[in-house]
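Chain nomenclature is as follows: A, B, C and D, assigned in order of appearance, with residue numbering initiated at 1 for each chain independently.
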Amino acid sequence: METGLEELTARLRQAVHERGWAPFHTPKNLAMALAGEAGELLAEFQWLTPEESRRVMDSPEKAEAVRSELADVFSYLLELADVLGVDLIEATNKKADIVARRYAEGYYGD
Amino acid sequence: METGLEELTARLRQAVHERGWAPFHTPKNLAMALAGEAGELLAEFQWLTPEESRRVMDSPEKAEAVRSELADVFSYLLELADVLGVDLIEATNKKADIVARRYAEGYYGD
Amino acid sequence: METGLEELTARLRQAVHERGWAPFHTPKNLAMALAGEAGELLAEFQWLTPEESRRVMDSPEKAEAVRSELADVFSYLLELADVLGVDLIEATNKKADIVARRYAEGYYGD
Amino acid sequence: METGLEELTARLRQAVHERGWAPFHTPKNLAMALAGEAGELLAEFQWLTPEESRRVMDSPEKAEAVRSELADVFSYLLELADVLGVDLIEATNKKADIVARRYAEGYYGD
């Protein structure tokens, strides 16, 4: 019955408030934290060949590290969208519509 | 019923395959694209004061730019998790458990 | 004689002051701008194979884009080091000493 | 008599070769490493107020961490420019000319 996404967002929001982190979690600071975590995720892949990167989950420790970094990125993304009042699913579907239209018109970037 | 998250992931996966982008979308390259989009999101906030960043959605154009960058980050995050076979909701709940435990033990970082 | 590095730093510093940008160029904001530019540099390479990335300067337009992004990263790095009073050459030589010592001791990361 | 910049670049180049890292240090991978280090630098500033960020060097440990991250960013930037054959000083002066021209024309971005 439930998406999990709303529950997770509510859980993260509550933890931030209980810990007194809310004054630090401005949109500016959350965008920085998100980019910092994206950098850590990047570091998991930087010396791998493309092929090795496809098999990264074969190693249990590496898989755990990657899952942990993906979780960090997602946590800050959810929190940032939450404080900004953005519905991530809706915004991403809308952007996918735009990319699809551009693609159909022969513009291939995104 | 439906979560929205799975539908969106399936939509993105299908678009990538239809456009022939799959060979380029290695985990390594998707991690790069995600970090690049996180950098663009960062750029929306870099010259703002903390207070201005809290009011960023008051301007319709700025709000649209922020939603578009959040969508780009989320698109690559969903696609990366998908090609790696990672359940983002599960991984993030698990990480939140770890952060909660660390916090309770007096370790405040994350 | 002259290094070029000090002249360039002085030039960037003067331009920032003349344009009234100094109040915005806090260390925090400069670190964000640097990371944002690093993300744009990343975008120049994200869909390239390792081999294609080695030949990126063969295309005049691509070479120009890469030079421009490297310059943006360097500009913010020089400015950030300048406002923090850090001697980049000295700090980097010192870090290279540390990495060399770690490497000699069998610790290969950095 | 010497710039320090060329010596430092030569030192980094030699260390990479001696350690057998050259095959991994493609432009693509170096751009990733640079962005990853820019993310770590970002993390030093993410929870600071603008004012706190201006005083970051007042704490000896924090100052050391910041110098270390600046050094990591600069190391990869120098190495990337070196493998691509780009003269960083020249490219950055050229970019500063372009920014100055745009500024004079009333276009304030960069």
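Definition applied: a residue touches a chain if its C-beta (ideal position, glycine included) is under 8 Å from a C-beta of that chain, and two chains touch if they have at least 3 such contacts.
To keep track of the chains, here are their UniProt names: A, B, C, D = Nucleotide pyrophosphohydrolase.
Being a predicted model, the structure only gives us computed values, none of them experimental.
Between the contact lists of subunit B and subunit D, the overlap consists of A, C. When the interfaces A-D and A-B are ranked by how many C-beta pairs touch across them, A-B comes first.
Taking the mean of the C-alpha atoms as each chain's centre, subunit A and subunit B sit 2 Å apart. We define each chain's centre as the mean of its Cα atoms; on that basis subunit A and subunit D are separated by 26 Å.
Touching two or more other chains at once are residues 29, 32, 35, 38-39, 42, 45, 50 of subunit D. The touching residues of subunit D, when paired with subunit B in their complex, are 32, 35, 39, 49-50. Within the complex formed with subunit A, the residues of subunit B that make contact are 1, 3-5, 8, 11-12, 15, 19, 26-29, 31-32, 34-35, 38-39, 41-42, 44-45, 48-50, 53-54, 56-57, 66-68, 70-75, 77-78, 80-81, 83-86, 88-89, 91-96, 99-100, 103, 110.
Subunit D meets subunit A in the complex at residues 24, 29, 32-33, 35-40, 42-43, 45-47.
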